[in-house]
Amino acid sequence: MKVKVGINGYGTIGKRVAYAVSKQDDMELIGVTKTKPDFEAYLARERGIPVYAASEEFLPRFEKAGFEVAGTLSDLLENVDVIVDATPGGMGAKNKALYEKAGVKAIFQGGEKAEVAQVSFVAQANYEKALGKDYVRVVSCNTTGLTRTLSALQEYIDYVYAVMIRRAADPNDSKRGPVNAITPSVTVPSHHGPDVQTVIPINIETMAFVVPTTLMHVHSVMIELKKPITREDVIDIFENTTRVLLFEKERGFESTAQLIEFARDLHREWNNLYEIAVWKESISVKGNRLFYIQAVHQESDVVPENVDAIRAMFEMADKWESIRKTNKSLGILK
Amino acid sequence: MKVKVGINGYGTIGKRVAYAVSKQDDMELIGVTKTKPDFEAYLARERGIPVYAASEEFLPRFEKAGFEVAGTLSDLLENVDVIVDATPGGMGAKNKALYEKAGVKAIFQGGEKAEVAQVSFVAQANYEKALGKDYVRVVSCNTTGLTRTLSALQEYIDYVYAVMIRRAADPNDSKRGPVNAITPSVTVPSHHGPDVQTVIPINIETMAFVVPTTLMHVHSVMIELKKPITREDVIDIFENTTRVLLFEKERGFESTAQLIEFARDLHREWNNLYEIAVWKESISVKGNRLFYIQAVHQESDVVPENVDAIRAMFEMADKWESIRKTNKSLGILK
Amino acid sequence: MKVKVGINGYGTIGKRVAYAVSKQDDMELIGVTKTKPDFEAYLARERGIPVYAASEEFLPRFEKAGFEVAGTLSDLLENVDVIVDATPGGMGAKNKALYEKAGVKAIFQGGEKAEVAQVSFVAQANYEKALGKDYVRVVSCNTTGLTRTLSALQEYIDYVYAVMIRRAADPNDSKRGPVNAITPSVTVPSHHGPDVQTVIPINIETMAFVVPTTLMHVHSVMIELKKPITREDVIDIFENTTRVLLFEKERGFESTAQLIEFARDLHREWNNLYEIAVWKESISVKGNRLFYIQAVHQESDVVPENVDAIRAMFEMADKWESIRKTNKSLGILK
Amino acid sequence: MKVKVGINGYGTIGKRVAYAVSKQDDMELIGVTKTKPDFEAYLARERGIPVYAASEEFLPRFEKAGFEVAGTLSDLLENVDVIVDATPGGMGAKNKALYEKAGVKAIFQGGEKAEVAQVSFVAQANYEKALGKDYVRVVSCNTTGLTRTLSALQEYIDYVYAVMIRRAADPNDSKRGPVNAITPSVTVPSHHGPDVQTVIPINIETMAFVVPTTLMHVHSVMIELKKPITREDVIDIFENTTRVLLFEKERGFESTAQLIEFARDLHREWNNLYEIAVWKESISVKGNRLFYIQAVHQESDVVPENVDAIRAMFEMADKWESIRKTNKSLGILK
C-alpha cells in the first residue's frame, strides 16, 4: 500500500516535492494544485500529473484557457492520505481548516509559524518526533541548512551566531529586486535563530541581509565552543553527516556560482543541490571559537525533508531507513 | 564502426559536446583535455571519461594535485578521428597546426575566425557544405540563433537589422562584470551580422550590447520583406522549423528567467535550451516589416550543431537523418 | 513678478524639478507634496521648502510621526500659478480635476497619456506649441531622449527603428527587479514610437527590453534616410544640438557606468545628466542607413523640459531665451 | 604658508582627496598623476589642475592623444611637501623609494601593508600618533568604518566579530563581477580584523563576502561586552561620535540604495557619504552582546582621513581642530 500524496501549490517547492514523491516506491502522487494555467501547469499535465484548481475562485482562469482541470483542492483532498502544503508563506495556516475538515494529514513549509503544526522537522535532527503526527512543519531552507550542520556539532555548542546573506529572488522570479543594493533585516537578532530552536535546543542568534543574486543563501557561522574541537574533527564530523557536503575553493568552488555549476554538472533535476555546501577551507578554530561558511540551495534543500516527513507521519520507516531511501532516490551523494 | 571523438577544452561548450557525443550510437567519446584539475576534471574522471592535460605545460598542476592524467593533447590526438576544439576564442587557430600534424579532422567554435575552417556551419542551413570536410567551424551561439530563424525566412528577406542584448557572463563565471551598467559595442554595425553571412547569404546588420545577466542573449529582430508574409505565416514557419520553439508570455514566459525555468522543468541536463526561443506574441508584421524577439541559450544552442558537424564531416548521415538523430538523443522537442 | 510653482509628488522627478525651479530667477517654489514623512520630506523641510500632504488621507501618517505639514494639496493649489504633477504614472489624469477646479495651470509627466494635456512637449522640438497653454505634458525620459536627437535630424528621416534597453529600477528603488533576467515588451512595436509622434511627425517604430541595471536607458537607433548625410554631418549636427552631448569610448566611456561617473565628476546634483549622451564612435552611415547609440539618464533628462514648459505656458520667454536660461541655471553644458 | 600636496593616482580615491585638499585653506593642490588621458584627465585639466604622467612609460599615451602633461611624477615630487599615494593596492610600497629619494612625506592607502608606513591612521582614533611622521597609512574603507564605531565603544569591548558584505565593484567599474553570485573569503578569519588592530588594540575577528552590488559595503557587527551598556547608551555614544550617522529604516532607509540617495539629496559631490551609516533600529543588546549594522561608502569614507593625516604629519593643527576643519569644509554633518 502506497501513501497517497497531494501537493497544494505547484511552484518552486511544490513541483520539486511532487517530483521527489514520484520517485518513492512507497508513495503515490495523486495530484497537484495550480492557481493558473501557466507553463508549469501544462508541463504537469503532459507528464500525466492530475492538475486541480487551488480553489473554486481560480476555475474561470482555467476555463478561459481551455485547460481542463481534474477538480479543485477539495476534490484532491478527498483522494489523498496527506497533503503537502507548498503555498506562499502564511497561507498554509489558512488552509489548515480545509485539511482538518477533509481528515487528511498535512505538511507545512517554513513560511508558516511553528504553531501551525505539532512538530517542526529536520529529518536528521528529530525524525522521531514526527512519528505518527498529523501536522508537521518542514522548516525553511535557511533553518534546515543551519540545523543540519549545527545538529552534527550540537554537543560542542555553547552559542551560535550566524549571519545570513540571502538571495533576493529565486531564479525564475523576474519581479523582485533589489537590482543594486544590500537590504538588512534591521530587527536584530533576526527571526531565523529562534526558528532553529523549534527543532534543536541550542543558543543561537542570527542576522540577515538580502543581496542581488538568485542562486543560493550563504551563512557565515561562528560557534562559541562548550568543549574543545579541532578543525580536523569538524571536517570529520561533516564528512560523516548526511546531506552536508564539503567543497574546496582549491578545486574551483570560488562562489555560489560554481556550487550550482556542480549540481548542473551532476545533471541534477533543476540543478537541485539538496545538500548543504560547506567550504572546507573556511572551517577554522581560533581559541574557543569555530568558524565556517556554508551555502544553502533555497529551492531544494527542504525537498528530501518533505519526503522523510511523510514517512515519519505514517510510520513507514525508521529514521535512517527513510533518510537512506530518500537520499538514494534523489541521488543525494551521502 | 563508431567515429572516435576527442574534446579539446572541457569548459562550458566542451563538456556539453562531450555529453552529447556520449549520447550518440555512432560516436565514441575518447577523452577530453583540461588545463587544471578542478571539479570539472574530477567529475569527468568519476564518470570514466579519460582526462588529458591540454598541453605539457599544465602537467605540473595535475601532478601537484595527485591527479593522474591519461596523457596530453598529443596523446589524445593519436587516438581520435576528430577533435572538437572548444578552447577559448582565438586559441583554436593556434591549435590547428597540431591537428593537421596529427592528421585528425577538427571542429572549431564561433570564437574563431571563419578562415580557420573550410565551412562555417549551422546544420539546418548548410549541412551539405560540410560533407567530407576536414575543418568545420560551428558558428557562435548568437550567429547560430540568428541563422536558425533567418534561414527559415530567407526567401522573404530583403534586409535584416538585429539588436543583440548579450548576457555579461555565463552562470558559472563569477569574475566578469559589469555588475550595474550597459556596455555597447560602439563599432557599428557589430561583427555579428557579417558572421551570419558566412553561413547564409543575406543582407544583415547588427548592433550589440552587454547587460548584467547570466542566463541568455536576447535578439530584437527587424526584417524588411522582399515579398509579403503574414504573422500567421511566420508562426507556421517557425512551428515547422527544427530547433526553434515558440513561447507565449501569456503562459508565464515573461523574461529569460522563465525560459530557463522551462528547461529546468524539463530536467534538461545543465538546463540546456538547445532550441532558439521566439516569443510568439512578439511576431508582428507592420507594412513591409516583420518584427520578432528571440532568446538564445549561449551555453547550449551550438551543442547539437557540433554533433551534426561530425556526421557531415564523416558522411555518416544525410542532413535530416543527422538532425533527427541528434534531436532525439538530446530531447530536443522538434 | 515670479511665477509661483508647486510640485505634486516629491519623488525622483519631483524633487529634481523643485530644485531646478528654485534655481530660476523668474520662478518661486511655493511647496511640495509628500504621501509620507520619509527622509525626503525631512530634507525638504530642513531646506525651508513647505511640505504639504498629498491628500487628506495621508495626514495621519504625518501626525503619527509628529511631522507638521503646511497643509494638503488643496492648500498648496490655492497658492500657486502652476502645479507640476510628478505623481506616479496614471495618477496625473485623476488629479487633473483638482487642478481645473483650483484654476491653476498644470504640467504632467510622460507616465500620463497624451490626452491629459493640450500639448506633448520637448522644448527644443516644439516650445512654441505650449505658449499660453494651460495643460502641458512633458513626455517620458525615453521619448524626450529620442525626440532630442531625432528632431535634429528630422529632415533626413524616412523611418526610424529604435531598440530601447531600459534600466529595471531607479538607483533609490530597492524593491523592483529583475535581479537576473532580460524582460522584453512582447507587444511589438512598443508604445514608445507613437509617443515620439505626439511631439514630432516622424515615421518611427520601437521595441523595448528591461535589464537589471539602475543607471540609464540605452537606445540603439537606426534611421533610414530620406536624403544623404555623412557621419561627419551627423557629428556636426549633434555638436550643435542643445542638450545632446557626444562621448568617446576612447576617452574611457565604455558603458553607462562611466557616463554617470562623468556627471559625478562634474559634481552635478544627484549626478544628473540632463543631456542625452551619444557615443561618437557609434555614429555610422552605411548606404541609406544611419546608426547611433545613445543613453538617457531617466532621472533627469526631463527636468529642464519642465522648467521650459512653465515659461512657455506663461509666455515668459521665447524658445531659445528659455532654453539658454534653463541650461545656464542647471550647468547644462550646451 | 600652505602645505603643497600632490596626488599620485587620480582615480576613485585620488580625485576625491584632490577635491578635498582643494577645499582646505591651509593646503594647496599642486598636481595629480594619471596613467592615461581619459575623461578624468581632461576634466582635471579643464579645472586647472596640473596633470602629470604617472611615470615616463605613460608619456606616449598622452602624446598620441595630444594631451600635454605638466611633467611626470618625478617633476611633481619636486614641487610638493607631501604626496598622497592613491595608486592601486601594492603599488604604494613600490613607489615609496621614489618618495624617499625626493625627500617628500607620503600618505599611503589601505591597499598597502601596514609596514609601508610609520603609523596606520584613523583621525578620531589615533590622530596624535601621526604627528610629525613622514609616512602614514590611511587604512582601508572597511577598516576605517570599523574603527570609527569600535573606537567609540572601545572601553566596553571584550571581543568583536564582524561579517563584512562587500560591494563587488565601484560604480564606475564595468569590468569586475560577479554578475550573479556570492563569493566568500574562505580564509577565516579574514585579514580585515588584524587590520583594525593596526589602529586600535581590540580583540576582533572578521569574515568577508563579495556580492553583486556597487554602492556600499555593509558590516554586521557583534560585540561581546566587557561591561554592561544599554541600547540607549550606544545610540547616545554614536550620536556624539564624529563621522558616524544614525539612519532609521522607518524614515525610508531600507537598504544601501536609500543611504546613497540621501547623499545625493544632500548634493554631496560624487554622492560621497563620508560618514559611517549605522541603522538605528539594528542597535540591540541581548545579554552581554551588542549588535549593530553599519554601511560604509567605500569611495569616500577615507577622504577626510587623508586630509587630517596631512595636518598631523605637518603638525598644522591638533586633533579636534583638524577634524572640525575637515568636516566643515566637506559638509560632514557632525
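Chains here go by letter, A, B, C and D, matching the order in which they are written, and residues are numbered from 1 within each.
Definition applied: contacts are C-beta pairs under 8 Å (C-beta built on N, C-alpha and C of every residue); 3 or more make two chains touch, one makes a residue touch a chain.
Computed from a prediction, not measured in an experiment: that's the story for all the values here.
Engineer: Look at the interfaces C-D and A-C and say which one is made up of more C-beta pairs in contact.
Structural biologist: Counting C-beta pairs in contact, C-D comes out ahead.
Engineer: Work out the mean Cα position per chain and let me know which chain is farthest from subunit C.
Structural biologist: Computed centres place A farthest from subunit C.
Engineer: Between subunit A and subunit D, what's the gap in Å when you average each chain's C-alpha atoms?
Structural biologist: The answer is 42 Å.
Engineer: Centroid of subunit C to centroid of subunit D, CA atoms only: how many Å?
Structural biologist: From the centre of subunit C to the centre of subunit D is 35 Å.
Engineer: With chain centres defined as C-alpha means, what is the inter-centre distance between subunit A and subunit C in Å?
Structural biologist: So the centroids are 46 Å from each other.
Engineer: Among the residues of subunit C, which ones contact at least 2 other chains?
Structural biologist: Within subunit C, the residues that touch at least two other chains are 171, 173-174, 178-181, 183, 212-214, 254-255, 257.
Engineer: Spell out the part of subunit A that touches subunit B in their complex, as residue ranges.
Structural biologist: 15, 36-40, 42-43, 171-174, 179-180, 251-258, 260-262, 264-267, 269-271
Engineer: Of all residues in subunit D, which touch subunit B in the complex?
Structural biologist: Listed in rising order, the residues are 168-169, 171, 173-181, 183, 212-214.
Engineer: Along subunit C, where are the residues that touch subunit B in the complex?
Structural biologist: The touching residues are 161, 163, 165, 178, 180-184, 186-189, 205, 207, 209-216, 218, 220, 222, 249, 254-257, 279, 281-284, 286, 289, 291-293, 295.
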